[in-house]
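Next up, some structures in structure tokens.
Paired with subunit B in one complex and with subunit C in the other, subunit A is shared by the two complexes that follow.
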Partner chain A sequence: MELLQLVINGVALGAAYALVALGFVLVLNATGAVNFAQGDLVVAGGFMGVALVGLIPLPAILLLPLVMLTMAAIGLAVSALAYWPLRDRPPVSVFISTIALGIIIQNGLNGAFGAEPRTAPAMFGAGRFEFAGLAVGHQSLAIMVVAALLIGGIHLLLGRSQLGRMLRATAQDREVAAALGIPVGGMVALTFALAAALAGAAGLLLANQFFVSPADGGNFIVKAYIAVVIGGWGRVGGALAGAMLVALFETVVAAWFDYAVASGLLYAALLAILFVRPQGLFGETVGRRA
Partner chain B sequence: MLKATTRRFLVIIGLAAIPATALAEVPRIPVLVPLTGFLSLEGTAQRNGAVMALEADKSVTFEVSDTGTSPEVAVNAMERALRDIHVGAVIGPILGTQMLALLPLAEEYRVPLVTISGTAKLTEMGNPWIFRFFPGDAVTKVAHARYVAEELGAKRPAILFQTTAYGQSGRAHLAETFASLGVAPVYEEGLDVSVKDMAPALSKAMATNPDVLVLHLHSGPTALLVRQARAQGIDIPIVAGSAMHQPTTAALLEAAELKGVCAESGSSPISGGSSEMERFAADYRRKFGSEPDAFALAQYDATRMLLAARHAGAVGGAPLRDWLAANSFEGLAMTYKSDGKGNMAHDAVIVCYDGDSRIPRIAKRYKGVDQAL
Partner chain C sequence: MRTMARLRAWLTRDVNTLLLAGALGLAAWPFIQGDPYSLRLLTLSGIYALATIGYQFVFGHAGALSLAQGTFFGLGAYVAGILSVKAGLGFELAFPAAIMAAGLLAIAVSMPVLRLGSHYFALATLGIGQVVLLVAVNWESVTGGANGIAGVSKISLFGLTVERGWPLMLLVWGLVALGALAARHFSSGLAGAKFSLMREQPMAAEAAGIDIRRLRFSAFLLSALYGGAAGALQVHTVRVVSPEVLEFPVMVMLLAIVVIGGRTNIAGAILGAVLLVHLPEWFRPLEKYYLMAYGAALLAMIVAAPWGIVGAIAMARRKWLPEQNPPLPVAVSRPPGSARERLDIEGLVRHFGGVRAVDGIDLSIAPGEAVGIIGANGSGKSTLVNLIAGAEKPDAGYIRWAGARIDALPAVRVAQSGISRTFQSLKLVDGMSVLDNVAVGDWRSEIAERTRGEAVHLLDRLGLTEFAWRLCGNLPPGLRRRVEIARALMARPAMLLLDEPAAGLTEEERKDLARMLSELNRDGATLAVVEHDLEFLSRFASRLVCLDGGRVIADGTPESVRHEPAVIAAWLGRPPGQARDV
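Our next item is the complex of A and B:
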């Protein structure tokens, strides 16, 4: 029963990590470069929830659309500042520019909100459901449901819509997509906007249960990076699976050993995958590694 | 009328007659504190306390530098500050790993280093230039463990500590004091500052059937653990480290979640206790728009003692070091006096929340814990 409880905790945490990893891999596929500011965008989303609840005292579920829309606009700005001027340079240039942008975001949040941890409003309120000896917090359940809906929505967008087809075409080959008349620049900007919106949602979901402070961004991007490497570089499904695996190491494995050992085992598993199956569990998109 | 050359000659003679020290001395105190990174909350409180004392005195200038989280940044900041020959003392960061890196510099430049870092090792290395104004682990962790064992009567504590130097130092002192009191912890685990889900640690700890949770964590992890423990229905007493006394930590939790939660600290300004303390708290709120904590108060007292030394003629270097080592100072939080190793603070308090508000009451005072006075 205790194991099941930890698995539930891990799934809730993994669902939020999956949103971060999904945004990370969308940008990776669209640009071929790593957006290292993705973790700081998660933090920005959390702080946006902190700020909004002071102006509009509503449950986070009602603030979520506003947070995502605002973060999408920020994503467009990230695209304009960190990607567009360097789009013809090697991918490492975007890697470095997004690191710089992440630091700017972090220090900006520190200046605006201060250094102390903050808590964002709960999705539906405090409390927990108890059944069969298990306890699931309202917030944990909300994280799982909201993340599932958002991931499902992205899946439908990418797989069933004309816009999604254009996004996928851009991700697969920008030159051919441009030759077909697809506005590649616009698709890349939209991808950044989607990634930032997902990061903002993750930040709002996590900030109530786990608090948020300006320095948290580094942890989120490391987890996203590990998830994507484990799942397969550029694989959307792989990123989601990788994120879940990272969370389960933090909960289930940490319960059997301790956090330090669990963290070591996660990195050992990462190294083992790199040695034995370097393309990741689900294989990788060829020629995209950065 | 004097010729121009004669006038110039007289001006030069006149200037040469003015003592060089009066022209050159612009006393400056660098304030090196972590304003970014995981200890930025405590560093900001430290900065605020120092600034409040320095601005009230006006006899010195000061410059605040952010030391972040890495020792290298702190060392660079101190080296930059010490290029000014009129620096007589340095206010050092609360982060223990940074302070350890600054100790050799203080000795090399012969500059007293004043800190509120609680890491025990700082005053155990024989460096005569460090002065710690926050009760070290040898005081606070003794009070912490004594409250758990003597006041709560606990026999089976579970200890959760941070894996930083601060956390490991505190854990060592807790273990030593519990052993001296005949209490054996039933569980111990170190947590990295990045850990968010405390459920694994809590489930393992509770599996050992403890009668109290003893925490020695930084602010965010402390609040996370208290919240998640209460959310899991864990209602045994929690006695936390000084991070839990901070108003900003309590603000993360509902008042009801704080029921049964206590914390050790050097002091608790918001708990009042005297008109001077209440005035300090009111002035702090007015100036910084936030509640003062023990770190701010300790740095305020430390800076006032530095300034008192200057007014007594010990303006810097060895004279200042000797003055700090030989004299006591009546601060707002406590009486400060060196034990010969640079530990100036020897009192601690335990504050407890009643579950109705986020303002704790002082449940127990421990004076002269290490019997240095």
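Our next item is the complex of A and C:
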């Protein structure tokens, strides 16, 4: 029973991680490069919730669209500043430029809000459902539902719409997509916007239960990175599964050890996985590009 | 005269003059501002320069995005700090111990980590850092836990105390100079050329007999040793050791220095370190936003000069100052080797999924022969070359070379056993001179001067002398083919395996190349040349082998093979059974 409770908590955390990892892998596929600012964008989303609720005291579920829209605009800025000027350089340049952008975001937030952890508003309010000895907080449930809806929405967008087809064509082969008349630059910028919006949503969802402080970005990006590696570099479904595995590992192991040990063991597990399966658990789709 | 010309070439060819001037200017800095804080910043600059010079081995030369350099740095700091505070050891013992600890960690993790592809390698090295950080935080009795260990004393060398300020700064920069000289030894000239070939054309590096795994390991190990040394110096400068030194910002700092300074240029590492250590100080007036401005400056620099300051200066110099090439090394002729090895292939099979690319080939090539291997596209020619060269492994059958089986050997061992190959799609380092692209082919080379002399000799033979200093990327395809052949010859091969050497050449170039191959063969080299062009082959080949559907369908003198009905049919693209319908 205790384990089941942990699994439920883990799935809620995993749902939020999945949003981060999804944004990471979409940008990876569209550009071949790692967006290392993705973690700091999560933090930015959390702080946006903190700031907004001060201005408009509403439950977070109503603030969510506003946060995601603003974050999408920031995503466009990320693509314009850190990706577009370096699009013809080796992907490692983007890796480093997004690290620099992450430094800007982190220290900007630090300047504006201070280094202390803050709390974002809850989705609907505090409280929990209880049945059969299990407790599911309203917030946990909200995270799962919102994440599921967003992931489903992205799935529909990519799978069913013409825009989604253009995005996927860009991710698969930029040159061919350009030759077909797809505005590749616009598609890449849009991917960054989507990734930032997803990161912002994850930040808003997480910053209620787990607090948020400006220096947390590194933590999130590493979780997403690990999720994408064990899920298979470039696989969208694999990234979601990887995020879930990372969160479950963290929650369940942290119940026995403290959090620091749990994250250390996560890296040890990652190294073990890479030792046995150098191509990730599920194999990869993107060639060696980063 | 020669020395003068060389000196002048050195000064104008690279960016060394400007960097030298920059370094001298910076060295004058504490004379202008001799306060302890400036000295401390300059000391820290030297420490980061040392760590970055090491990082250039793995990141710049080997081209691997390692995120463990900060960990080696931090480990060095912890080991030196603990040995100094808890065991009271002098720096003469603690310093080597710190370097060794970093080296041992590198050796311990290299086996699983170094075989990983780029982004997996990056994450795995990041993971190692996190595990070390975890140990540092939790092993309180030794490391002092989250608070670390304070009160690290001044450096004591054989009982002599090195005061902070000037003495420490000079000690650090003295070690930077030593480290820079050692790095120059390990990475300039031919060693640097080998790194470039490994980084940009790994298949070609193996085919040239360069042991990639060993080279990558030595780059990783060297980077760790430098990192450990820098960390040991850092702990005595900042006087505390805490988990902070193992955290990601240190790694980001090193990465930023190497990207902004220059990926392989040692002077660039020094310049970058001095710049980035001082950069946040210049933004201090912005108070709590100073690190934000630092990030913005970093981003602006990466965008404005993606190849680093060194790259930007080099580009500007190329624009304003004409290129001044150093004189060519004196050609050293080499005795033509007489091949005695014999190649025997039996029942060789290689499938790709359901396709049998090579489907039971038997073929022997005697020493000194010049064999042309012909066949239509998809007949298995290139697969055969890859199998002989060890780039692919057969599903069945044997390849014997000089009596010993080589079909299970890795490509690098096959190359070292005396079989050199070229590639259908050229694999040269575009940003490197013709001379170095050729000289790098000698995997035995110990003495750079002699090797380059031999390379000049080969350039003479292949008519490439006038292009010696040109970058390979700027040459027309015909000349690039010859460069690749010259590189293959540098290994003094007993057998030369050429994969479509005439592809993309003009008629005139084909004639030239055929004449050169004919000469090489007369001097004793065994040739096996895969080609479509019968005309080209018949100029030097004494024997033709025709492949179709992964099998040998004809083998004999050029005249007999050309008139074989099966060959004619295969050449027209029809299965042999339908040949009569033509």
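Quick note on the criterion: the second predicted complex is superposed on the first by the 278 of 290 C-alpha atoms of A that agree within 3 Å, B and C clash if a C-alpha of one lies under 4 Å from a C-alpha of the other, contacts with A are read in each partner's own complex, and residues count from 1 in each chain.
Just so we're on the same page, a residue touches a chain if its C-beta (ideal position, glycine included) is under 8 Å from a C-beta of that chain, and two chains touch if they have at least 3 such contacts.
Everything numeric in this text was worked out from a predicted model, so none of it was measured.
On the superposed subunit A, the two partners subunit B and subunit C do not both fit; they clash.
After overlaying the two complexes on the shared chain, residue contacts for A:V34 are found with subunit C alone; subunit B is out of touch. By the touch criterion defined above, A:W233 reaches subunit C but does not reach subunit B.
Of the two partner chains, subunit B is the only one touched by A:Q5; subunit C is not.
In the superposition on chain A, A:A255 makes contact with subunit B only, not with subunit C.
After overlaying the two complexes on the shared chain, residue contacts for A:L101 are found with subunit C alone; subunit B is out of touch. Contacts of A:M48 after superposition on the shared chain: neither subunit B nor subunit C is touched.
When both complexes are overlaid on chain A, the residue A:F275 reaches subunit C alone and has no touch with subunit B. Of the two partner chains, subunit B is the only one that A:R118 touches; subunit C does not reach it. Looking at the shared chain after the overlay, A:L86 reaches subunit C, while subunit B stays out of its contact range. Overlap of the subunit B and subunit C interfaces on subunit A comprises residues 106-107, 110, 260, 263. Taken in their complex, subunit A has these residues touching subunit B: 2, 5-6, 9-10, 13, 106-107, 110, 114-119, 126, 128, 135, 137, 206, 210-211, 213-215, 219, 250-252, 254-255, 258-260, 262-263. Contact residues of subunit B toward subunit A in the complex are 35-38, 40-41, 43-44, 163, 189-192, 194-197, 199-201, 203-204, 219-220, 223-224, 231-233, 248-249, 251-252, 254, 290.
Across the complex, subunit C meets subunit A through its residues 65, 112-113, 115-120, 122-124, 126-128, 130-131, 133-135, 137-138, 248, 252, 255-256, 259, 288-289, 291-292, 294-296, 298-299, 302-303, 306. In the complex of the two chains, the subunit A residues touching subunit C come out as 34, 81-82, 85-86, 89, 92-93, 95-97, 99-104, 106-108, 110-111, 218, 222, 225-226, 229, 233, 260-261, 263-264, 267-268, 270-271, 274-275, 278-280, 288-290.
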